[in-house]
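Below are two complexes that have subunit A in common, paired first with subunit B and then with subunit C.
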Partner chain A sequence: MQRRTFIKTLSYLGVVSALPFLSAQSFAAPSKAISVDDLPELTGELTLYLGRGEGGLYEDVLNAIKKRNPNFTLRIRRGPTAALANTIMAEAKAGVRQADLFWAVDSGAIGQIVGAGLAQKLPNDLTEQLQSEFRFNDWAPISGRIRTLPYNPTRVTADKVPDDIMALPDSDLSIAWAPAYASFQSFITAMRILEGDDATTKWLKAMNKKAKKYAGELGVVMAVERGEVDVGLANHYYTLRLKSGKPDANLDLAFTKNDAGCLVNASGILALKQSKTATDFMRYLLSKEVQTYLSGEAYEIPLAGQLPPPSGIPSLTEISPPAIDLTKLADLRPTLVLMRNAGVL
Partner chain B sequence: MFKTLFQALKNTLNPCIKRWPLSYSLSLIIASLAFFPVIILFTLASDSVQMFDARNLDILSNTLLLMLFTGGGAVIIGVPLALLLTYVNIPWRRFWLILLTAPLALPSYLGAFTFYAAFGAGGEIENMLGITTPAVNGLFGSSLIMVLYTYPFVLLSTRSALSSLDASQVYAARTLGMSLLPSIWFVVLPRIRNAITGGALLAAMYALSDFGTPAIMGLNTFTSEIYVEYNAFGLSQAAMLSLQLLAVVALMLYMESKVNVSKEPPGRHLTFWPSPWQTKLLLLATLPVVIFSIFLPLAVFSLWLWREGVSSFDIQYAINSGYASLIAAVVAVIFALPLAYAATKGKAGRIMERITFIGFGIPGIVMGTALVYTGLQLPFLYQTLGLLILAYVLRFLPLAVGTIRSSTESLDGALVNAARVLGAKPKEAYRRITLPLTMRGVVAGAALVFLEVMRELPATLLLGPIGFETLSTYLWRVYEAGYFGRAAIPGLLLFFISGLGLAIMFSTERWGSVTLNERSSR
Partner chain C sequence: MKLGSKNIQKLLTSLVLIAGFTAFQTVANGDVGEHVNHLSDNIKKYEEEVNWLTSKVDGIVTTYQKSGAKAAHPEALMEHWEAVDFHAAIETNYVLIYASIWQGLYAVKGSIDEKSSIADVKAEEAKLNKALWQALGAVKMAAKYQDAGLLAQVKTTEEAPKNSIEALVVIDEKIHSVVAKYAEQLIDTATTMVHDTYLNLFEGVEGELIAIDANLVEDLEKDFNVTLPLAIKNNKSVDEVRDIVTAMSTKLSKAKMLLENKEKNKKDVF
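For the complex of A and B:
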């Protein structure tokens, strides 16, 4: 039964790509979310390198997949994303390839492995499940996060928060930021690509004069909530998670328009070995159930199938994230040089 | 690579094998093993152009101050506690010893995070009690946390030195009219300064290589620079900066090696018998340390646990932590014995012993990657428990070597000579004289390695068998994800398992020991 519906889906996709008009349309919009019921059963064994644990949530997803596929063994190694990327490079150099899959919380680490030519090409029908700006040949984004400006409504009103990230240092708001945090550096990389090095340096210098530094973006959001500052720079989910534990928190989200300030970045997965099980496993992660779960529980933005964003943030069509190739965000080193020269790092 | 190294080793050894004592040959092999990851760092760093610049100098001063305060603070807390736990007859002495040593098992970043969350405006203390406390951050905050989670280095190394010290000199000083405190200051402490500086060195090196604590406390150190580079996929830059950091390590090692200690025969044990109220007062004085290093983090985690609700936790993590740490502690001691012995035999031995310290000053994540490269030299062992243990041993060998050496080097050779004259073979003399007299040092070394392995993270994550979870990797996972309440139970277990392991180790302390005049002194 399951198999038949899956074959039906496959043949449907085949028909679609045979018709030029329809196929153009299917490229523009992602294919409808696929349920796990329509996916083939996983068999055999896979080793997954998982960048960051993300508590029980990714765990729940992986356990659910394991439970659904009794003939499938999943072996997981968790670690900091950059450390696992370096381990994969070291293993490739030594010719000892351990991992089948690498699931990274940060697209920069993905870019690193893709750049080293270690990632396998993905089938088209898999990438077509994703929204068009998130389609790549050799890796699949799983879920997104958006850069936001969390603010404290008891200290500042929404209309006082600028909708232009470049104008933020000119405002009279007190600001919290975490320049050592990886997501922040990706955001500066995006700013560098969009606005150029000079404007970015100027922005960093101006911000550095007034912003208060924190170790991570959870710290930033906590500081905003405590009222230490008016507004912060952080990924959206820290705010949503803090509010879920503390519904009356003094915390709201503001978004900038069409600039690096509302960059949508993604976690992603790639295959290090060519195998059907590995690609099928990725299909599970892009399924309706997993995407909905990650959005409902971890407050991440679903990127496959046309699914709604987590409650508490507007959908990707309502906000205007900048158009940027995520793999370019792996180019971190010039960003660090810039940040150092501005005295931020 | 290992094969060529081994061949080279053999070639250098062959011509002089007769003149070299056995301990030298063993030491050379172990020291080369321990130095291997550092050699890997050199090859990784070779395509980097990153060098010191003026900015680095600025953060270097933060790093140096943090090291200085950590080493000093660890001495200020560790030495009095060691005196209390060795010389004063308090009830439940071993319980207090274990309790006061256990903070070493908690990763300092967790301590730092709970301090950050508890203190300051809007912190948990204000939420609960309504009292606004000053925020703990910056250089002061980092030093405070570092001291709280490193003072057991000093405590254990000082304790093992104190317990083999002859009390007669103190009695003589007291008889001649010197009061108690001056007699401790002038008569006891100078004779164990090598053990104190040894412990302080370890504390300072921990401060040098730790990233999490200064990051949470908002202090920019050299190590934060290295982490930023590493996370930006600049592995070679991170390796290069780590090697530059080794200049500081080398300087410290040199300074520490200048601390000399006179050799003396062991003697009767010093014991003070305080009155009950004095005992209570003394134990009360240790409370702040226990409250801040153990109670506060557990209380904050429990508060969050209560807020977030209980979640499932696999007890296997605690078992994994316990046995991996125990095996590593035993192997580290076995590796450390010849090195410590060689260090007292001559200059070459001393150099080999110093070499093993270098890796301890390298930031964990960089060292973790160097160990991955090292492990890949033995592909059949890669990511097995055996290799993980070896990685632990290579990383934490200095903890065992340091304490064993400081208890060996103050040993007077007369006893061994006497045994030899009486017909004992060198082996027998070692087994019956030297080993029992250094047993406390051995156990202290094992305890330090055990606790440090309990909280080790990067090597466990990268080199453990797949699916091998420990308390420390689990704590890291929930911390990363921001589910702090889930840290309560594993945090408690971390202290419990550490206590259990320490109890086992301390119970072996008196193996084969000779009771020197102990009975007659009562």
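For the complex of A and C:
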């Protein structure tokens, strides 16, 4: 029998937390989450480039910050994360910096800006609020999402879901995936970094022979729930959201161990100009209230302080994500070339 | 035109009821022209254009009756339509009728190409004329809204919706534009619009929506990925494609209502 690493969600969570094979990783305890009540008032003006995502939840956060700080003006430019990253690069090349801050929905776009040396260094007391795996000199992750294997328990038992992502194509399971989806491509980038291009190409080709393709990862999770396939590849929150709208959904979550299949990716923010207001603005995003809000409303994983994950997902100490520098996920071009060569895109 | 408060109230009510009135940000057929932001100043010109168009259509039909399909040059119908400013005025303000005009143009052309009886051709001409005059009426009403400051300026660049509710409004506009493009027989454009609307807009909404009503999301997923693209691919009639879009529009309205209710009950960040 395959050694399994699964966490059944929701009702089983309490049991799973006690299981011995779910050993804690190196997520050292961050400092306690700071309440907005203890943060300085924001004054002056900032321009934020905001990557699209999470419906209006980021907007809710920004509106709340504005309302709380009447002497603060926030100008926002909205757009797809990748497009805004390219704009920032182009503006820098032209010798102008329009944005003070860049809030991106994925760390790959952050990595692009950091790699170009455009991000400002952050103070230690800010980064220390984050869990140790998520401390970076020049950007702050805001909230996380875990790569998972959603499966249909009426079609497959948990012990049949491999805990090794590289073994998935060799299993007897029918699989759903969304290779055109940005999160999937970040996951393949992580696989390239961890396993190498040859192994990743082999994996993609094997998967391509048996996996059913969907446009997005919510579609993947819905296909699993409908029983079109046994298992899928998707970010964790799609399963939690579907279970919220359909509590009796035939859906559970499995996790691989120490590989790209369990990658914890993050949205994040960076400052393009050195400014106290910009730094303080970031502190608001890492506050207990904002972290709790994003967790409760968007099912994202809080990364600052010692806050619990959304209901239905294990804490980061209970899973085994790979050790990987998230900013390296910016290197998307070779991933796309590799996927095209493998006939996946 | 000066509007009393009662009239403004009526217009506001109508604006809610007539969901088709929306300020489109871009149109597919080249430059929109600044005239669309000054509808009242251009109503006379639009009226002249509609008269000119109906006379051109009638000329083509009369030639067909006298000299046959080849002499009628029915392909000129589209050229005449694309030549007038009224084209952009209706596309930016009421895409539902815009689609009907294209449907009518192709119906007249098709009936001539197929050498249908003159009675059938005239029946299609009558439907086209009706759509053109309806369109003029719609633009006149839009002009009133515009004068009352109730229509947003037509923009040449798109702004990203700020939240799922705004995104649903844009999605509804886009799928009605799909009918228009399909009626224009721009099949690839229509297919791409369905795909892009799903991936760039609906995909961002459904994650939030599924937590409220999973079955509704499932229905719309099928509409976007199977029902609508398949109808286009299989060359279904414009009316059949419109029926699918109308059904989707109803589901989108329900989705909007659900999200608005959720918004009311949403807890504060701080």
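The rule is simple: the second predicted complex is superposed on the first by the 315 of 345 C-alpha atoms of A that agree within 3 Å, B and C clash if a C-alpha of one lies under 4 Å from a C-alpha of the other, contacts with A are read in each partner's own complex, and residues count from 1 in each chain.
Everything below uses one rule, namely that a contact is a pair of C-beta atoms (placed from the backbone, for glycine too) under 8 Å apart; a residue touches a chain by one contact, two chains touch by 3 or more.
Since this is a predicted model, take the numbers as computed values, not measurements.
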| item | value |
| --- | --- |
| Superposed partners subunit B and subunit C on subunit A - clash or fit | clash |
| Touched partner set for A:Arg52, first subunit B, second subunit C, both or neither | both |
| Partner chain in contact with A:Ala215 - subunit B first, subunit C second, else both or neither | both |
| Touching partner for A:Phe255 - first (subunit B), second (subunit C), both, neither | neither |
| Partner chain(s) touched by A:Phe184 [first = subunit B, second = subunit C, both, neither] | neither |
| Which of subunit B and subunit C A:Gly245 touches, first, second, both or neither | both |
| Touched partner set for A:Glu297, first subunit B, second subunit C, both or neither | second |
| Which of subunit B and subunit C A:Ala82 touches, first, second, both or neither | first |
| Of subunit B and subunit C, the chain that contacts the larger number of subunit A residues | B |
| Touched partner set for A:Ala90, first subunit B, second subunit C, both or neither | first |
| Location of subunit B clashes with subunit C - one stretch out of 43-51, 115-123 or 277-285 | 115-123 |
| Subunit A positions touched by subunit B in one structure and by subunit C in the second | 52-57, 78-80, 215-216, 218-219, 226, 238, 241, 245 |
| Footprint of subunit A on subunit B - complex, ascending | 55, 116, 121-122, 215-218, 224-225, 227-235, 307-308, 311, 365, 368-369, 372-373, 376-377, 379, 382-383, 458, 461-462, 466-467, 473, 476-478, 480-483, 486 |
| Residues of subunit A touching subunit C in the complex | 36, 52-57, 59-61, 63-65, 68, 78-80, 215-216, 218-219, 222, 226, 237-238, 241-242, 244-246, 249, 289-290, 293, 296-297 |
| For the subunit A and subunit B complex, residues of the former touching the latter | 47, 52-57, 75-87, 89-91, 93-94, 96, 98, 108-109, 112, 180, 182, 185, 213-216, 218-219, 225-228, 238, 241, 245, 330, 332-333, 335-336, 340, 345 |
| Residue ranges of subunit C touching subunit A (in the complex, touch as defined) | 159-160, 162-167, 198-200, 203-215, 217-218, 221, 225, 266-270 |
